[in-house]
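A, B, C, D, E and F label the chains in the order they appear, each numbered from 1.
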């Protein structure tokens, strides 16, 4: 609601008689365009298929990718933040209980309709684990609409294809310290030396050991998706 | 048959067919030309893929128009929907009939065809029709082009089309008046309605009308822009507001006809300006381009010169289009009714006065009259306050009322 | 220092002091006989007059507490708080181990005064020996008819049960004790209603400390005026003091409450001075919950009022821990914090999370990864947990904040010095989890 | 005019009137082929009548243009969609203009096209489109007293024709003579027109009463209008001015004063519900 | 009706409620976790602390007491003055929120509670932006505490609502608190999982994402859900519930406060018993049998066709004394029953109407159960009558007049061939037609069977109509206590099916859009009970 | 060159058709169109007579007719629009009720 007192009454500047004709201004404008017309060396157009423009890799918003963490697993935790933030409603996620002990959820399905997408980058902003990113790849083509709906495997493949030119940032906010760094410092406070505490502690340690084993069993080494 | 072709009627037929064909081709290349100019203005290359320098682009475009599905939406008035582009095309296409392309032609100089004639035996007018109301014919034809736009807009049964049509209609009606008046200035100066005579007169005296009536020439050029619905007067198809204006619903060949119509009328109006003000086919100090040179080669040279002048004018059209922003509708109307009509009226009255005193051919007198009219316009314009338009006027009002009583306004 | 004859500990060291026979022979069970002849109200009045302040730590006048009971009650319980969990404190244990009948006599008088039909003596689980001693004494008393139906032939009946808890510091808090006694998880109850209105099994209940009740027979026997004559006017009666740490004679001593901390440490009748000639660095004079004194504050009197002047919470259990100069104050801080983090019951948010946070900070400082701002942080945390008046159900967070705050405030210089002196790389804390 | 021609003409009128009656919009009837057929017969009769009265110079152009004018006029009257009526009228105007050209009235023809087709009818179309945007309304589907209207129209037509033919017949001789004289005059009169004028044009006589034989050229018209009809010209200018003022006054949007809005009914409703008088 | 002053505003309150409840009802947003009006008060979260005017012990003057008191524990007294809008209270809320989040993993992105989590809400409203703790967080385990519930201990705020629920409402005592301090955990006794008929409520009472429903786990983010107020059709108790749905799919049910029936609770049977709504075996399209063929008619032509066929039939058979018989299922809403009864009475004024058989299972279950249920007050009951609207249908039949019989009699008369045309409505999710009932189908010449799942009667039916699950239609149920309760539609019927009340509305000869309210208006002329329906009182906006 | 009689007959036909249409049609705009047709008839007639008398009077008369037609169109259409706004219909019958 704009209040009346907030409205500024703006007077147009008073013009001189010559200016009132607008002809000088018009001619001035036309001079400018004429100059451009014959400044042949200034051509800015990139002859696309032959020439390609250099992009700012960090900022360009092209095809999405789904990042892998250091173990090669999909980094996404299926929190739906991207699909919630998406103004075009082009992200469709189905969450499932993750096979890895260090996180709760992972995406069973992760589809992005690249035709619906407006490449605003809100998904990237919304992602709490920096799992979804937009790559500098803009040459996405397809013959059918279905082809333009990228699934999890395709998005991971985009990551594999672009990880050289745009390496993955380390996530800075995450509830899961192990998902980002190879060996995040894990300090548990052992409050006292009672047997019970020690047991609990050992049990938790055991958990993570089991987790490592499970990871190995899932083939979660680098290169493998681990979610298959 | 051989003789028929060198009679005026036969020659006119041939010329009509020739000019019509050339104009259609020229229209296609106008589009190419326009795209190139647009590109250059914006530091781009423009079409450069189809053929060398993209020269085949118009053909590709034309083929595209032809091969697209000719779709008629279900909600339109079918008869008028089909009729409208036809009207547009025909009306814009028949204006060139009275344009003089090259003065007189001595039929005997035509190789082979005129070999049986004596030199000077039969002089042909390089013009399709010579009418004694020539300019009136042109005006009449131009006034009919409104129908194409209006019917196209209305029959589309789409509010954007309809708005576009209404705007085009009002615009054309408004700009026809200054256009007619400036033409009358020339008519008064030249004392004839026949275009070929106007052109010949300028060639004979070597004084183009633009040197006598530069202001009238400018006004005619501006109104010609408006009549052809060209930027900055392309309100009828303002994409930002009206999607595509009156031809929103059109596609394929029918849209192509509208397109052709627009460019054809550009050519016609440019030619009109050239004939009325720029000496038609005349260029100084070139022997081939005088009244007396009537050989076929001279005529061809004249026609080339004429075409060149038209091409330059069309370049200006396009240059203007890619330089200037579009008028708002009220500005457009204000320009017509409050600037162009009074100025052209003044010029017309002054020209009549000059005619009364026999000074109508005098360059200084004419220039003085033009200067006076321009000065008068400037004086009138600078007298008033800057018009406050649109929103600002509302603002003024709001704040004024604020002072009185805000409560009253709110209740 | 005037001479003082032990009253409460008069039977300590006497052969067979735990037996009924010896106790009676040394004048025991006279007071109860006297009391049973008085009206309950008169007994309450007498105790009130004596201004017997609770020895459990808070120092609430016992007589006053008794008079809070609703008049129209049908069932009343008396609970004896023997859950002596405050770290350096062992006076109750001494009382129970050496003179159980003195306690039983006090229980009977108190039960009579509040007209309680049942009395529970709640012991902490670690008190194996006191439990057995006390149980034996109770059995003896039952056998003699001093307990059970119509005690001492009067119309008054009282049953006494000795109960052992399951081991928690909070069970020393009266409502925590009640919960525990009811068989539930031992965490304090919200007040109001106070136990005197609705306590054990939702019935009016009086909870008194062992030492408090041990004083009662003497008040009845010798009169309130005797009691008020002992010690300063606001802190009347005999009091047990515990001394621990590197003093020559650690132990439990009885004296009136006009003794200073310094005397407690230095006097040969008590602590007897520091071992190996070390200097005192810090004393926690009232159990650890009341706060710490620096070496310059040893002139503090061990009564109910003086500690406040030194920034302490109160007299507490009057059990002084002496720390010598060889001790790193960071370790003191850590140990203090760890105790409360361990013992917080987990009910109230401030206490549950605050104590563990303070412990984390203290732990880090002790590990050598402290930051200077951690001192402010720990103070702030302590304050946010709520110092008197507290924000929680029970007083545990108050007890947790005072030692931390007094240690940080009174030894800030040393702490800062220690922090500055630590290896710089250790100050970098793993930031793997920041949130 | 011969009686045969006259009777043919009357027959044409009767047939045409009948046809028109059936062609007039009527919701109870579909498209009337019979009406169209009868009307066509009427037109044929009309052509025959023209042929019977016609002079030698009457060419195919006249028949074609005349038929176009008539057919378009009929469609103007009978078409249920006003837009189409207006467009047919444009065709009528064009046909009439062409007929004028046939009569050598070129300036008039140009004026007809520019003013009628280019301005007046555009305005009509404008108004129709603004007022009636959705299909033919019930107003246009039903005629008002079609029979009586047709009778009135065609009786008038017959009366005018009868009288005109009679008068023309009596004046034919004299008229022919006058025309011949005029043609002669135009040849002998020296051309005083400005340089560049076509040779077949002649300078009008001073008072315009005795125009050149081939009339209708712009110069002659100009001369006539500016001299002989000067007063009429000024009056028509005045008339146009008055009309302009009137039109502006009529279509002016009345901006209500602040606060006065509530007193009046909303604009759209004000007229629709006629309050009881 | 005591009046008290909260933040300088006078508030009218109710007798015997805590100040917190009074403030919530008056619109204050007082943060709280442990307080729940249906559970005992422990005042342990210390978030609702307030300042209170108390008499100065020395002078007796009223002044703001230095000590903050828990508003959940302080009963309302006439004339008392409290304030929440003071620096001390705000500071405490702020500090408390910091404490709550100290060891919280902040895994909102993967937490199912996110969006309806009071840790989120309160830390946004009352908390700090950042935590000052740099030390590693304490990690508490995730536990599988029962077949339907997961416990994420690290998200827990130890409000003990769940524990108190099992103690006080279900009376089953599965949950308890173990360990002390910040390591305190909610847990079950080994070998005794949380598995009682009301256990789903512990998820509801949990103000944070600590207790989660395995059925809903990871299914949806809550902000994608839309809600419809409804009534549980599981038994005749008529618990008020909320249907949370998304994309035309029921996602979960939640109880709605209704002091007359279910208070804040609902049973697991109702909570998880809706799955049949999305069963692929459902009948989804009307079928008309013509000879050997089965046709699929358009819904739009069905009302006219049915009326025509019944009227035609009555013209043929009516004279022979054979009547129309209709069975109205207790799974129908009152509105549907009324519309169908109206139709049947119109085509045959002497039609015989019957209420369909009502399923019963076991005995009524009353809670709290077990040793500690002191029996003084039953807090929740699961009825053995497993149909939502037997009383409603009976009310409609009573008002419909004419001959009304019970189902057994109806079946017997049908077997004798007394009815030539019939309209039998089912709707029981578990099926209801036994072998004997199936036989009556053969005795009808024109039989319409409407049911949600295929049943044996369909074999004999000339016309089969699909009915809807309760989530797909709107109307009202009358519960065991005679309470008329409306329920609204949550989702669209499956492709091909149509809302029953809309179809029957048109069948009964009305035009337009049917709504429960509109039909009740029509019904109210005949049955006064439907003049108004029972709507539970609104829950204070900030209460939870 | 066609003779005067044909023009007169054609003019009469147009005039009469215009008149019939004016009576028969109910749409105000179409009615005005019909009057314009009557003008056309008159124009043809006077042009025909101009031919007959070989002078410009007829044509000049026609020219003034154009003026009248333009004036009529301007005013009449303005009026029609006004009336349309008042009644929401173009039906002439809607204005047949006299209100004095």
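Keep this in mind: contacts are C-beta pairs under 8 Å (C-beta built on N, C-alpha and C of every residue); 3 or more make two chains touch, one makes a residue touch a chain.
Source: prediction; values computed, not measured.
Undergrad: Give the chains in contact with both subunit D and subunit F, ordered by label.
TA: none
Undergrad: Return the chain whose centre of C-alpha atoms lies at maximal distance from the corresponding centre of subunit B.
TA: C
Undergrad: If I rank A-E and B-D by number of C-beta contact pairs, which comes first?
TA: Looking at A-E and B-D side by side, B-D shows more C-beta contacts.
Undergrad: Most central chain by CA mean?
TA: If one averages C-alpha positions chain by chain, the most central is A.
Undergrad: Centre to centre, by mean C-alpha position, how many angstrom separate subunit D and subunit E?
TA: 80
Undergrad: Could you give the separation in Å between the centres of subunit E and subunit F, each centre being the mean of its C-alpha atoms?
TA: The mean C-alpha positions of subunit E and subunit F differ by 78 Å.
Undergrad: Between subunit A and subunit B, what is the separation of their C-alpha centroids in Å?
TA: A distance of 53 Å separates the two centres.
Undergrad: Quick check: how many Å separate the C-alpha centres of subunit B and subunit F?
TA: Those two chain centres are 33 Å apart.
Undergrad: Of all residues in subunit B, which are in touch with two or more distinct other chains?
TA: none
Undergrad: Where in subunit D do residues touch two or more of the other chains?
TA: Within subunit D, residues 107, 111, 119, 130 contact more than one other chain.
Undergrad: Where in subunit C do residues touch two or more of the other chains?
TA: 341-342, 356, 360, 363, 430, 432-433, 435
Undergrad: Could you please specify the touching residues of subunit E with respect to subunit C in the complex?
TA: Touch residues, subunit E against subunit C: 41-47, 49, 66-68, 70, 73, 91-92, 95-96, 98-106, 131-138, 157-158, 176-177, 179-184.
Undergrad: Can you check the complex and tell me which residues of subunit A touch subunit E?
TA: Listed in rising order, the residues of subunit A that touch subunit E are 77-81, 84, 95-97, 103-105, 128-129, 175-176, 186-189, 191, 196-197, 200, 203-204, 207.
Undergrad: Provide the residue numbers of subunit D that touch subunit F in the complex, in ascending order.
TA: 1, 9, 16-17, 20, 24-25, 46, 49-50, 53-55, 57-59, 62, 66, 69-70, 73-74, 76-77, 82, 85-86, 89, 92-93, 96, 99-100, 102-105, 107-108, 111-112, 115-116, 119-120, 123-124, 127-128, 130-132, 137-140, 142-146, 148-150, 152-154, 156-157, 160-161, 164-165, 168, 171, 175, 178-179, 182-183, 204, 208-211, 213, 215-216, 220-221, 224-225, 228-229, 232, 236, 239-240, 242-244, 246-247, 250-251, 267-268, 270-272, 274, 277
Undergrad: Within the complex, which stretch of subunit D touches subunit B?
TA: Listed in rising order, the residues are 83-84, 87, 90, 106-107, 109-111, 113-114, 117-119, 122, 125-126, 129-130, 133, 194-198, 201, 217-218, 258-259.
Undergrad: Okay, in this complex, where on subunit A does subunit B touch?
TA: 4-5, 7-18, 20-21, 26, 29-30, 32-34, 36-40, 42-45, 47
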